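One chain, subunit A, appears in both complexes that follow, with subunit B as partner in the first and subunit C in the second.
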Partner chain A sequence: MKLIVAYVKPFKLDEIKDALREVGVTGMSVGEIRGFGRQSGQTEVYRGAEYKVEFVPKTRIEVAVGDDDVERVVAAIETAARTGDIGDGKIIVLPIEEILRIRTGERGAEAI
Partner chain B sequence: MSEGLKPSSDLGASLRARSNEIDGVVGGLAQAHPELGVVAVGGYGRSELCLHSDIDLLFLHEGQPPEEAVRSVLYPLWDARHKVGHATRTVRATLAFVRDDLVGLCSLLSARLVSGPPSLFDELLAGLAKLLTGARANLGELLAAEEHRVWEREPFARQELDVKSGRGGLRSHHRLEWDRQRSRLIGEEPILPATSGEKAAVATLLQVREALHTVQRRAADLYPVELRSQVGERLGRDPTELATEVYGAARTIDGAAALRWGRVRPAGTDPINHAGLAVIRLVRSRWGKRELAATPFAYARAAAASRSGGRLSAWERAFVARMGPPDWHSGDRSSLLALLAEGTAGWEALLGLWEAGWLTRALPELSHVRGLAQVAPFHQHPVDAHLGATVANVVDLADGAIDWCGEIADQMGGLDEVLLAAFLHDIGKGLPGDHSQTGAALAQQLLIRTGFSPTTADTVGDAVRHHLLLPETAFRRDTEDPEVIAFLAASVGSLDFLRLLTLLSVADARATGADMWSPWKESLLRALVTKTASLLEGTVTALPEAVLVELAALVPELSPRDIADHLAGMPPEYLGRFGTGVVATHLRLAHPNLGSTEVRTAVVPGAPVSNIVVAARDRPGLLATVAGVLALHNLNVLEARVVTRTDGLAIDTFRVADSRGSDMVGQGRWPAVRETMERTFAGALDLEARLAEKRRTSPPMDAKPTDVRITGATIDIRTRDRVGLLHDLALAMTSLGLSITLAKIDTRRGEAIDVFGVAKPAHITDQAIEAALRAACAG
Partner chain C sequence: MSEGTIAWLLVSSALVLFMTPGLALFYGGMVRSKNVLNMLMKNFFTISIVTVVWTVIGYTLAFGTDFGGLIGGLDFVALRGVEGDGLLFMVFQMMFAIITPALISGAVAERMKFSAWVLFTTLWALIVYPMVAHWGFAAEGWLFAWGVRDFAGGLVVHINAGIAALALVFALGPRRGFRAEVMRPHSLPLTLLGTGILWFGWFGFNAGSALAADGIAISAFVTTQIAASVAALGWVVAEWMKNGKPTTLGAASGAVAGLVAITPGAGFVSPMSAIAIGAIAGFLCFLAVSLKFRFGYDDSLDVVGVHLVGGIVGSVLLGVFAESRINTAVPDGLLFGGSDFFFKQVVAVLAVMAFTFIASYLLARIVKAITGLRVEENQETEGLDISLHEERGYVFSE
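Let's look at the complex of A and B:
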């Protein structure tokens, strides 16, 4: 089992949600975050005065999947999130030790 | 009490039956101890026990603690899993205790003897009456302070209403009941008797509280959006309709509470005098004495500006309740605007007018949003309170609650339009169709009916229509895409309107709730606004392919090359300022190229505002000539946007209102306007002589001071509006050798507020320009 964490541009969320649904992912967690990578923030000019956007708004998506589904899900996110411009984001795949569904007590792949 | 009551038309009777049942059990248990007074207090005393409410008992004795007797009543109740609160005291100890304990005192005000000697209970009531005329004669102030804490905690009604302790909840009703009971105990008439509306509202809240206890299987009194379906199902009601009824009920109770507890002033100050003085002061300083008796908005404004937090006194409410709808003279409009500008306190005052029944006579378009439930769970307020919270947020933003929004507010000519837009932006909710569209039409209609200028009605209508445009673009589209920015700029059309929409959007999002406004969302929205503002200001240029495609579709008769050439010759902010719709009209007029005396005109008719576009080769005095022709035909210029292509083609776009109040195109008068225009350009008509004649026959208007300010290439003029003013100003500038690159004309309440962008010859001083313009204003 793997946890797929993706940091993407906020406006891509709906597209990614649809892409994940198409590859059979029914649940995900979403968070509003801010950060910077190579994009290093932005500088905007407003009425002649520059202001620095230190951190760029991003959306974090977390999806837990079985080992067999990792490639498909990563590909779906990658395709949906790509604009080709700087700041498209990152996808990280992490191992999962255990999952437990609180309501039913199911564990492992059953609980995904 | 293991089962929730079945929904019934008389819940009060069902609740009483439940209390009677408990009375029977308690009475039976206490039968063996006739000397023990068993008194029901709190909700049990009021016979309002909901499913999981506590049963509060007071055991009265005459000196010897009756431990055995008390146990014999309590233990069986505990065994039956009732939640029982109890105290065992003598009458004297009880009175001593409640003297310093407000909760105890209030629960005693609902006391009812269940079993035991009536004499003991009578002694308690007599002692209570003494206490209420002595040490606790200030009960009213204590209750008022409690209600004020609720108002502070919840300045605007919440969707997730706590039906017991929330604003307008059952506890607010209890405070009124305790106050009434106090009056009865000391032999006075209640200050605020319960109305049938209040009783019905209480029944609604009790019914929902019972259902909440039943579906949650515990004494939980919060009514969140997520539980609406279950509660609705339990009561056999449509969940949203029921929620609206609940919020309406809370408003009714809150209105009664506002009436009773709204004005608490230091001892010795007379509330009526205070309010009266405030009104008179305000009226004298702003609108003249004649409006004293005619504008409830002025009373409300006085209340909002006083320390009452905006709550009207009983005297004011009663007075306002009897008044008919306003005739909407300018005092009514300016006092409504002043009231909105008071923010939270202004909203309280509006609620007072509303609950008195007057606001819906003045603004019937608002009636349907009273307590209207929002469907989306991220909304923290029902629609009416959301409107109030949005207005209050606009005021806070203008006061600098968020730095960059404060700067935007400073750059706006005033807050009137954004306050009106905030006040009206969701009035389309609860009506068929898209609420932005429906609301825009309704807001426009309301503003025209109440005498606001067509420009204000148009601007506010547009703002209502587009109030979701910025957040939807910021949160759902790629704000780094130049095409997205260009489309937004084209949709917004002007920097002024972008500023208005920005304040409205931020205020709306903040009023909606934490889910809709976070530092994350703020940074997205700010970046979008900044980029769009840069494009509109002309500091960034962008000509995305999609705009060309859209224009090609709008003007299929022109080749893409013609369109691109036209755009290339225009200033960088051109597309953003006019939008693709108007640019398409420009393209049709500009092609093929015009001869030196040729003039082409187009009209986009509307009532009462039409758009007139005039294209001609640029020449000194062009704007003055067109403005003069429009004045001759009684067409009042609301806005003039002037643009000159690099090859010398001038295109002037006018928004005009017919000062006779009719649709000039519909009346068939447009051909005459066009003919005058053509004759003037061909030199066949003496425009100056005709205008002079017209001025002589026009009635003089109120004098207003003239203000001329020159900052770099921008000239701001405020003066009284009159026939041919724009013509005279344009002529004065032309004769000094100034070339007008932009004109923004606005007329509000007889005052012209004009901004010109000009190119000035080096030898002309600002003093000379100012003197010439002042002379032109004076006519």
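Let's look at the complex of A and C:
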């Protein structure tokens, strides 16, 4: 089991959600976060005063998947999230030690 | 007064009052979210302070029996003998006395103690505003008697507030992190809402200053609408050319700059002159708001760049565009064959700037000695809403 964590442009969220549905993902968690990478922020201008805003809004998506689904899900996010411009984001894959569904007590792949 | 005039001036008084909460939103949107309530309160609370000051003594110092052209006497203390038409004039003028110190609050945003603001506003509304109002608005005031004209308060309201703001900024010092940290407006939608309320209320401010429901009021109403629109165009076009993007804050700032600039001449100039005044004000005020970075004074929300510069532009240009054809109470400006009127307008601008700068700086020093002017460093960092008012502007989770 793996946890796939993707940091993406906020406006891409709907496309990514649809792409994940298509490859069979049934649940995900989403958070609005701020951060910077190579894009290193953006410039904003108020009454002629330029401000470098280092932290820009990003969306973090978390999806737990079985080992067999990892490549398909990562590919789906990659395709849906890409614009080709700087700031498209990152995808990280982490191992999961255990998952537990609270309502039923199921554990492991059953609980995904 | 006719019933029509009484009705119009009652409505105008309410319109001018409405400008102060509008100004609160205009300013409130421009500060960081941790200081929004403090910004709103500094404006909203000024309504209460000045209403009391004006009722008890401010009105008589502005409009009581003249002493040497400088100040009114004490015959109307506590509104003694002020009734009927006089009472209506008193309450209309009260709304101007309220918004003028409120305008100053934008310059000292995000760092001035609330107690210091209350004391400064009380003293300023007690001494500075009534004197300058007497000079410019009362028949025996030295500026008015000399021939200077200020239709709705370019000198009395905007230059007066703008130069006081500069004096207070000098006494107070810049915000921590000025020019180094990101200090961006937290909610431009609030600012735009405030701009709309200001614009709406300004019809009472300018057209109401005809003090009658007559052709002068209509004329002032029209020039107000034109100048505000053209100045917003001028500001946005200037920034579009210089910075590459048209901004919401630019449109809002330009509209206010145009409203300021037409104020001294609203009932004295033609609609075409209002176009010229609006365009010049929009362009010059856009340039003026960058001065604070060049000279290093933290006029946080550009009270100097918009109200002082806009007020100067409007008061001086009145000396160019005034037409006795439109209103017999004003001599012709430079463009229509006049000469000494222009000179008098320039002298009036300089006189008000000199007096109010010195008086406001001295008041700021007095307040500093009594309450101190600035919040503590940690309070400024934490935000004035929590540290001074124990409230938050926005609660996103219970």
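Quick note on the criterion: the second predicted complex is superposed on the first by the 112 of 112 C-alpha atoms of A that agree within 3 Å, B and C clash if a C-alpha of one lies under 4 Å from a C-alpha of the other, contacts with A are read in each partner's own complex, and residues count from 1 in each chain.
What we mean here is this: a contact is a pair of C-beta atoms (placed from the backbone, for glycine too) under 8 Å apart; a residue touches a chain by one contact, two chains touch by 3 or more.
This is a predicted model, so every value here is computed, not measured.
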Three-chain arrangement built on subunit A, subunit B and subunit C clash or fit: clash
Chain touching more of subunit A, residue-wise (subunit B, subunit C): B
Partner chain(s) touched by A:87 [first = subunit B, second = subunit C, both, neither]: first
Contacts of A:103 with subunit B and subunit C, given as first, second, both or neither: neither
Subunit B versus subunit C as contact partner of A:33, first or second or both or neither: first
Subunit C-contacting residues of subunit A that also contact subunit B: 44-48, 51, 53
Complex contacts: residues of subunit B adjacent to subunit A: 404, 407, 411, 475-480, 518-521, 523-524, 526-527, 530-531, 533-534, 537, 539
Of all residues in subunit C, those that touch subunit A in their complex: 182-185, 239, 242-243, 245, 247, 249-250, 253, 286, 289-290, 293, 302, 305
Complex contact set, residues of subunit A against subunit B: 9-11, 14, 32-34, 42, 44-48, 51, 53, 55-57, 83, 85, 87
Subunit A residues within the subunit C interface of the complex: 44-49, 51-53
